[in-house]
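I have a structure here, written as structure tokens, and I will follow up with some questions on it.
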Amino acid sequence: MTYFADVAALARKDILLELRSRDTLPAMLLFVVSALVVFHFSLPSDASAAASTGLLWIALLFTALLGLGRAFAAEREQRVLDGLVLAPCDRSAIWLAKCLGVLVFLGVAEAVALPAYALFFEPVGWELVAAVVLADLGLAAVGTLLAAMAAASRARELLLPLLFLPLVIPVVVGGVGATVVDDPARYLGFLALYDLIFAILSWASFEYVVAE
Amino acid sequence: MTYFADVAALARKDILLELRSRDTLPAMLLFVVSALVVFHFSLPSDASAAASTGLLWIALLFTALLGLGRAFAAEREQRVLDGLVLAPCDRSAIWLAKCLGVLVFLGVAEAVALPAYALFFEPVGWELVAAVVLADLGLAAVGTLLAAMAAASRARELLLPLLFLPLVIPVVVGGVGATVVDDPARYLGFLALYDLIFAILSWASFEYVVAE
Amino acid sequence: MSLRNNRAVVLAAAASVLLVAGLALALFWAPEDADQGFSQRIFYVHVPIALTAYACFGWGAWKALRLLWTREPRYDLESYTAVHMGVIFGILTLVTGSIWAKISWGVWWTWSERQLTLFLVLFLFYCAYFMLRFSVEPGPRRANLSAVYALFGVALIPVSFLAIRLAENFIHPVVFTRDGPQMSGSMFVVFCVCLAAMLGLFASLYTNELAGKRLDARLRELREALE
Amino acid sequence: MISARGLGRRFGSKRVLRDLDLEVRSGELLLVTGPNGSGKSTLLALMAGLLAPTEGEIEVDLPRGRIGYLAHEALVYKELTALENLDLYGRLYHVPERRETIGALLERFGLWESRHQRVGSFSRGMQQRLALCRVLLHGPELLLLDEPYSGLDASARTLVDDVLAESGGSRTLVVASHEPEHVRPLATQALALA
Amino acid sequence: MISARGLGRRFGSKRVLRDLDLEVRSGELLLVTGPNGSGKSTLLALMAGLLAPTEGEIEVDLPRGRIGYLAHEALVYKELTALENLDLYGRLYHVPERRETIGALLERFGLWESRHQRVGSFSRGMQQRLALCRVLLHGPELLLLDEPYSGLDASARTLVDDVLAESGGSRTLVVASHEPEHVRPLATQALALA
């Protein structure tokens, strides 16, 4: 169980860093709120429910992207990532901890966004909440790996969206589907499948991304 | 006229940095196409034109946040900003050059995004272009100042995002207004006024942000 | 060395023979399609190219897996070359497909065909692969990153396929319906020859490009040794 | 402990190390010298496992957790305090009696007073001291020290001297330095890169 | 050239410098020593105008453009090459005959071969050499050098010695260092912080 102790130590540090510097969460909140405000202004009052759900998913996706872009910012200064890579813990623990951190940020952003959405647009059903939770898992899993990749490159900020968007199109499909269609179970199942496949892949391949 | 020579030298360096990662333009193109595919999957076929305008503005806001987030990334490493501050040029030249850099970045992004938008969604009117240009000016002016605050760690307490939100939402509302409403002149005038006020404010106050 | 060279020559010869044969068969021997007429013959080019593109991506991912497994640097070049070929065949698919679409549907592009959308997603994905490669300094790190991303690609293909099937339920209804591959026997033979030709073309291009790149590297080393 | 055969590393087309053979046995002290840009840091990063060789091979028969690697940078979070950084590393390395060990180290390297200060606001010498604490924290059997004296004042230099002296025999050391006078008396092997 | 009266600086509640009086005349060389964290870098940043005093005052009667400030970091863009960095600074400082000056400096500090290399991939000593080029580029009348020797190999150290020696009298110098032996013979004043 030292694995989980390692993950806990690393995740604790991420939360501490965010509390200390408040870099990421405010930007995510700002973005998601202003996205909803913009949509509120631009959607006519008679727009279909499906249209506003689609917009919500877009807002959530880009918010996640914003958060992921900063996920490894603290590690890039002073080469801390090398320090972590040298520690005897399994490298995948670094991935898992960062994932948990991203999930917490996403959760907080959505805890603001979903009520705001309910206020501006329409009530939030259980299937939306379930879909958002499942989508978060996938986004965080894939996103953390890709953020580590982008951090190792020269054009990091520009690269992440390019690496990220094509990979998460299935998540958008599943998420929108689960909220728009009458029978959400299939879509939720699909999201869960996506999470499983890509979480395992990311977990297994993180080692190669951070170490030579 | 050494003022403008300084600005040119600084802006040239920003372009050079951008060219160093060489792939800015292709990256923008790819990003726009990926974003369009995501939009395709999240918007139902009956979504209104206004909804797609909202999407366009959100994409632009995201791009601006992305651009501003990395505006001073190069300067933060190795304390280069201090190096620039020590140079004999007027400090506001640093702001102006960075602003121009951000504007070029935004301009390139929009030169890709607007035609794509016109192709996939609906024609782009002159008022949309005017609104985008005016909004860009405001976003770049304010954003550069705030990004510098975030980068110069001694101004850390002045939190970028908390300021950015109230400062930028008017721009977005003005921009959406100009494209959605029948009579855009009022909104465009508002945007121009905003640009004027905040450009002057930012230009004058930059010195205090980067030097003690 | 000479053995390798021989193999490349044989491959190239086989590919060109098959290519000529396939084209000739497609143009002159295959029966005319009942409702699409002559333009349907592009099918014999378009579909084999598309399938070859998938084969390239799969081969690239296999080499990527080998790289991560054995950490032998040569697999990096092999994986990259395969993906590179895949993207070239992908562009050809897009071009031939678009021409066909223009002829038979009257539009260059439509969102309503699942294969097209899937292909676009994959195409974007592999463009990002190139971006990634070009913005990391050459070396073991870049090899690892590219390999991991190439592996994600083959996982993405089935998942996206599933996603796009699911999406058809709530996005646009399918406008153009097609009945599956109901080919007559002779059509199928021609198709198989064309597919073999395309795969042969891939194999030949792949070995050639690899040999060229290896030669480049050798040359650089020799030049350095001389200095 | 460390053995390299035909070791080489290139960055892009630039060849930094080439055809290096090396054998460091347990308890030895290897002094690495050479002009700027000769590849000392690259060699140490190869030994630490942060870089992979592009030619030849290098083997270090110790698990990661028993190695301590001091780089040019401190490898600590700027936004965390000294204590928080060491605590994190202590947890990751499963240091027994973490609190006490960290406290003793901070005391020894003169950082106890500053333990609650953000590392980003440390002076250069303080950052180097903290980096030394980080490296020694888990009592590594192999120490890779890249310019350990840099930025340190006279009193901290003697601390490093002590670390080198007390390791004598019990711990394997590889030290890269531009001030070899301090290290040479203790070195059992010397490697001059060019 | 530099005069300080009752100079003090605090960071938050932490007092780093207090009640410092100082007078450096044109052509002098002031050597600043002191243990880690004693405020040497803070003092030099105050002189450069990067920090403002929280108590007392400091005056440097030279415009910004005539001062050269060498910090712990190189103050150059990692993603640009050595040449591009110097070119930028040359333009900002309006250096006459930019090309030739830069070429001569790079040659002198042994970076001519690496002029087209990304600074981010420079070794530590190469970065320090580049920082020295940057500082000397505009022929400043006042040089503030914060640990100029750090990270340099033996040959580059003598280059710095030369810079100090040739400035004698014509240029005002403030040098903070942990290796005062090199500087002391030339120093006209010494300040030991505690």
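Which chain is which? They are A, B, C, D and E, in the order written, and residues in each are numbered from 1.
As a working rule, a residue touches a chain if its C-beta (ideal position, glycine included) is under 8 Å from a C-beta of that chain, and two chains touch if they have at least 3 such contacts.
On a predicted model such as this, the values are computed, not experimentally measured, just so you know.
Between chain A and chain C, the least number of touching-chain steps is 1. Between chain B and chain D, the least number of touch steps comes to 2.
Of all residue numbers that take part in the contact between chain D and chain E, over half occur on both sides, making this a same-residue interface. Relative orientation of chain A with respect to chain B corresponds to a rotation of 175°, obtained by superposing CA atoms and rounded to a multiple of 5. Seen from the Cα centre of chain E, the chain whose own Cα centre is farthest off is C.
Set side by side, B-E and B-C show the greater C-beta contact count at B-E.
Note: centroid distance chain A to chain E, computed from Cα atoms, is 45 Å. We define each chain's centre as the mean of its Cα atoms; on that basis chain B and chain C are separated by 39 Å. Here the CA centre of chain D is 28 Å from the CA centre of chain E. Rounded to a whole number, the gap between the C-alpha centres of chain C and chain D is 48 angstrom. Along chain B, residues 20-21, 23, 27, 30, 34, 37, 41, 44, 77 each make contact with two or more other chains. Counting partner chains per residue, chain D has residues 11, 51-52 touching two or more of them. Looking at chain C, one finds that residues 121, 124, 127-128, 131, 135, 137, 139-140, 167, 170 touch two or more other chains. Looking at which chains touch one another, you get A-B, A-C, A-D, B-C, B-E, C-D, D-E. Contacts from chain C toward chain B in the complex involve residues 111, 117, 120-121, 124, 127-128, 131, 134-135, 167, 170-172. Residues 21-23, 26-27, 30, 33-34, 37, 40-41, 44-45 of chain B touch chain C in their complex. Those residues of chain A that touch chain D in the shared complex are 2, 5-6, 9-10, 13, 16-17, 20-21, 74, 77-80, 82-89, 211-212.
Residues 20-21, 23-24, 27-28, 30-31, 34-35, 37-39, 41-44, 46-48, 50-51, 53-55, 57-58, 61-62, 65-66, 69-70, 73, 77, 150, 156, 159-162, 164-165, 168-169, 172-173, 176-177, 180 of chain B touch chain A in their complex.
Within the complex formed with chain A, the chain C residues making contact are 68, 121-122, 124-125, 127-128, 131-132, 135-137, 139-141, 144-145, 147-149, 151-152, 155-156, 159-160, 162-164, 166-167, 169-170.
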